[in-house]
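The next part holds the structures, each set out as structure tokens.
In what follows, chain A forms one complex with chain B and a second complex with chain C.
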Partner chain A sequence: MTALLSVERLHIGSGGRSAPILDDVSFAVSDGETVGVLGASGSGKTSLALSLLGLLPQSLETRGRVVFDGYNMLERAAGARRNLRGRRISMVFQEPLTALNPRQRVGAQVAEVARAHGERDAQKAMRGAVDMLHRAGLTDAGTRALRYPHELSGGERQRVLLAMALLLDPALLVADEPTSALDVTVQAQVLQLLRTLQRERGMAMLLVSHDLGVIATTCSRTMVLHDGRVVEDTATPQLLAAPEHPQARALVDAVRPAGRGA
Partner chain B sequence: MTALLEVRDLVVEYPAAAARAVDGVSFDIERGETFALVGESGSGKTSLGRAILRLVAPAAGRVHFDGADVLALTGDALRQFRRRAQVVFQDPKASLDPRMRVGDIVREGIDIHALLQRPSGDLRVAHLLEEVGLSASDASRFPHEFSGGERQRIAIARALAVEPEFLVLDEAVSALDVLVRQQVLDLLAELQARRALTYLFIAHDLAVVERIATRVAVMHQGRIVECAPTHQLFSAPASPAAQALLAAIPRIPW
Partner chain C sequence: MAANTWQRLLADRPARIAGGVLSAAAIAAVLAPWISPYDPTLQPDPVALRLVAPSWHHLFGTDPFSRDVLSRILHGARVSLGVAAGAMLLSVTLGAALGALAAVMGGWVDSIVSGLVDVLIAMPRLLVVIALVATFGALSPWWLIVLIGGSGWLTTARIVRAEFRDHLQREYVLAARALGASRWRLVWRHLLPAVAPQVAVAAALALAAVIPLEAALSFVGLGIQPPLPSWGNILLDGTDYLTSAWWLVVFPIAAVTLTVGSALVLADRLRTAIAGEERAR
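Up next, the complex of A and B:
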């Protein structure tokens, strides 16, 4: 099995004043693999996710390699990186309201992904967008595509983000707390949708969350991040049964029902 | 023993909305219990909490607190009610004044209710900060210097400063990550035991209330559709709304 994504000794400094944001992080993700990144607030999860797409500020001191599709995402020219983003590697963010343009109809925002990657036919791009919104579970997608972000609920907005991320059938989806801002019932629907789309497409997924429940029901493998370091990287059932690192143990124990000792 | 809080046929309406936010809700909360109110966004739980505290005016119904008709209170009696019933909101970033020092935030209620003079007031603030797991020296710092969990501890200290008997915790741990959430829930349980507090715990996530609540009421479209002891609601939910909330909890394959 070849690695789709390979992160090698990734180090992201914070300017020398405090501990590094990421410290010697190494891991690989294979085609079609679902990997969870579990960590508390401030553990470096979001920085890790952003670095995979080359979205971290240039001003941060960065060492190591993020190899995706055989190219180092940290070194490639911005244009080449943009060509990969959205097409081969995509991201879904936590807060769909801030991730969407408030002044553009959601259908047009999804269609723009196709346009940015070379689709010249505007009508065809829009048809593709509506179709993808429909597959992302947006009811009445044809009408809803004409709405602005603020006219949709949080769950609907997250479906729009998913449609944008999945439109071009990427090989890897990076999802950063995709359901943390949602109601539990909506969270369950969006997670189910993520799992279904991931399976249908054989897409690899890196799911970032502080919530073990979200990760354990979605990912076959889990990495635990603590103070910028990967302190545990193991099959999810193994983590649930016998977390080794104290931080991993704390995160598991926080959601373990009473009477289920490790 | 009579209930600390009695709510009868309470209705909350907002002028612009077609449906009632709270549509004829009745329940009692006994002294010392943790009564959880759960439901999806828009089910009316926050409106209900606010109506009980008289932060919004109900269109109809009755609220009795320790035997007194809350909706009829005026003057000193209303001030006393506002001291005895406190609230902690979801987002401590928004509910703490960014330009006030923590010590002043915590002691504002003490001053408003003229409970203590300056030196003993300062001592009370120091004790409160320590009681919620912060340090007395934190009084001179500003809210932005604290993490989300610490800010929620400040909000709890502020609520406790006026020696309340009843706390409305409106999604008080929803914005916190699981580890911090657990710590704040532990703190709330500890404070409840020490101070004989009664909690109305509002949450959209059933998983959060399982460990803390004695009883759970499920709200749906402005009504309470089910109310049961916590273990009973979790083992045998009767209403579709409760079943949906339970089904939404990610089932970890232990």
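Up next, the complex of A and C:
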């Protein structure tokens, strides 16, 4: 089976003054696969996520390749790369309040994704948006679509972001700490929703988190990122049972009940 | 409860009054040919009707040529406010376009626009306009719009460039790009609506600057030429009679003060509304 996404020896420099943000990172994601990227803050998780969509700031120097849909996302012409975003590869962000435009109604923001990809009929785009908000679990989606982001709760806002990301049925969803800004019960609901939507669509997902609990309940495979390097890449049960790298062990031990050490 | 800047402005009493005054002035200017009691250039009797004090026949009195001052003020509003509005629209549009272009394109485009602004902003506008008029002779209202508008875009360009650069750093713009929005779509759907209130402040301030500028030019005889009335040249006609015929001076000055003051109040209340909206979220 050919990989949907393959990252080959990706290196992201931070301008020479300090250690690279990512160093020699290689991995692949197949169709429909769910891969977790586990790492502490500062391990390069967000830069990795942004690089997959070709969204890194231009000031950063990159080497290696990020091949998605057969194209190198680091090199592809801006217009062609843009056309893949939202349609074939999507991203949800950690903090839904800042990731939404504060002065646009949420329904319009979902519809905007379709409009950006050539939908000319505004009413059709809005109907699709409301339908998607409904499937993303926003209760009373028809009237809620007319609200502004600050009028919704954190969980509802994250559902809006998900609706935007999944509207055009992408093959890969990059989720950067999608539940970290939410409280625990809402977190569980959003994760459940993510799993359901992913299963329905056979979509691949790269779930980036610092929280092993989130990754363990969602991902079949987990990579551990430490100081810009992948120090472990294995099936999630394997990682939980016998973490090899000291950093991976530290992260696993942190959530394991005391006294049950390996 | 979701009060955006515009809704806040509409709910604000001083802003409504200022907006009302400006709208009334604009409507009076448009309707001048139909609501003026007399022809503004007609000199019915330069001897008997010369410098008549305000009365029921001539509410604002008559000037040294026996022309009705109210009719001249109303027709003058057409010219003065027309030139001001045209110059304001030109300068704000030009400024917003160039500021947006500089922020979005960056690189050498930004360098050229920012450099141009830095150089031109140091130029004394009134003196430059006077020099041009002195060189090319009296200007038609259209050239006056081009000249005043073409020299007034600098501050708007600065504001729009700074606001655009600020918003381009925000996560919602990155999120929009992550879902396929193109650069120009970002500008149109996200950035321009975000800076529109600031541009409106710049527009109100431009209006407040341009009305006296046109009046000053016409007053020194370099702007609108008689017999076409403008608030500046009506005042010019009255200066020789300052002590004997107050109505020739008071009414045109009142017209300028009222419109400029309203524009300034509007700019100020708009700023307050913007700050209120920022605080609310």
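Simple rule for what comes next: the second predicted complex is superposed on the first by the 262 of 262 C-alpha atoms of A that agree within 3 Å, B and C clash if a C-alpha of one lies under 4 Å from a C-alpha of the other, contacts with A are read in each partner's own complex, and residues count from 1 in each chain.
Here, contacts are C-beta pairs under 8 Å (C-beta built on N, C-alpha and C of every residue); 3 or more make two chains touch, one makes a residue touch a chain.
Given the structure is predicted, the values throughout are model-derived calculations rather than measurements.
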Side-by-side fit of chain B and chain C on chain A, or clash: fit
Touched partner set for A:41, first chain B, second chain C, both or neither: first
Which superposed partner A:197 touches (first chain B, second chain C, both, neither): neither
Which of chain B and chain C A:151 touches, first, second, both or neither: second
First (chain B), second (chain C), both or neither touched by A:239: neither
Contacts of A:187 with chain B and chain C, given as first, second, both or neither: first
Partner chain(s) touched by A:100 [first = chain B, second = chain C, both, neither]: second
Per-pair minimum CA distance [chain C against chain B, superposed on A] in Å: 13
Those residues of chain A which chain B touches in one complex and chain C touches in the other: none
Complex contacts: residues of chain A adjacent to chain C: 50, 53, 55, 79, 82-87, 90-91, 93, 95, 98-104, 112-113, 116-117, 147-148, 150-151, 161, 164-165
Chain B partner contacts - residues on chain A that touch it in the complex: 40-42, 153-154, 183-188, 191, 210-214, 216-217, 237, 240, 250-251, 254-258, 260
Chain C residues within the chain A interface of the complex: 1-2, 4, 170-172, 174-182, 185, 189-190, 193-194, 280-281
Of chain B, residues touching chain A in the complex: 40-41, 147-148, 177-182, 204-207, 211, 244-245, 247-254
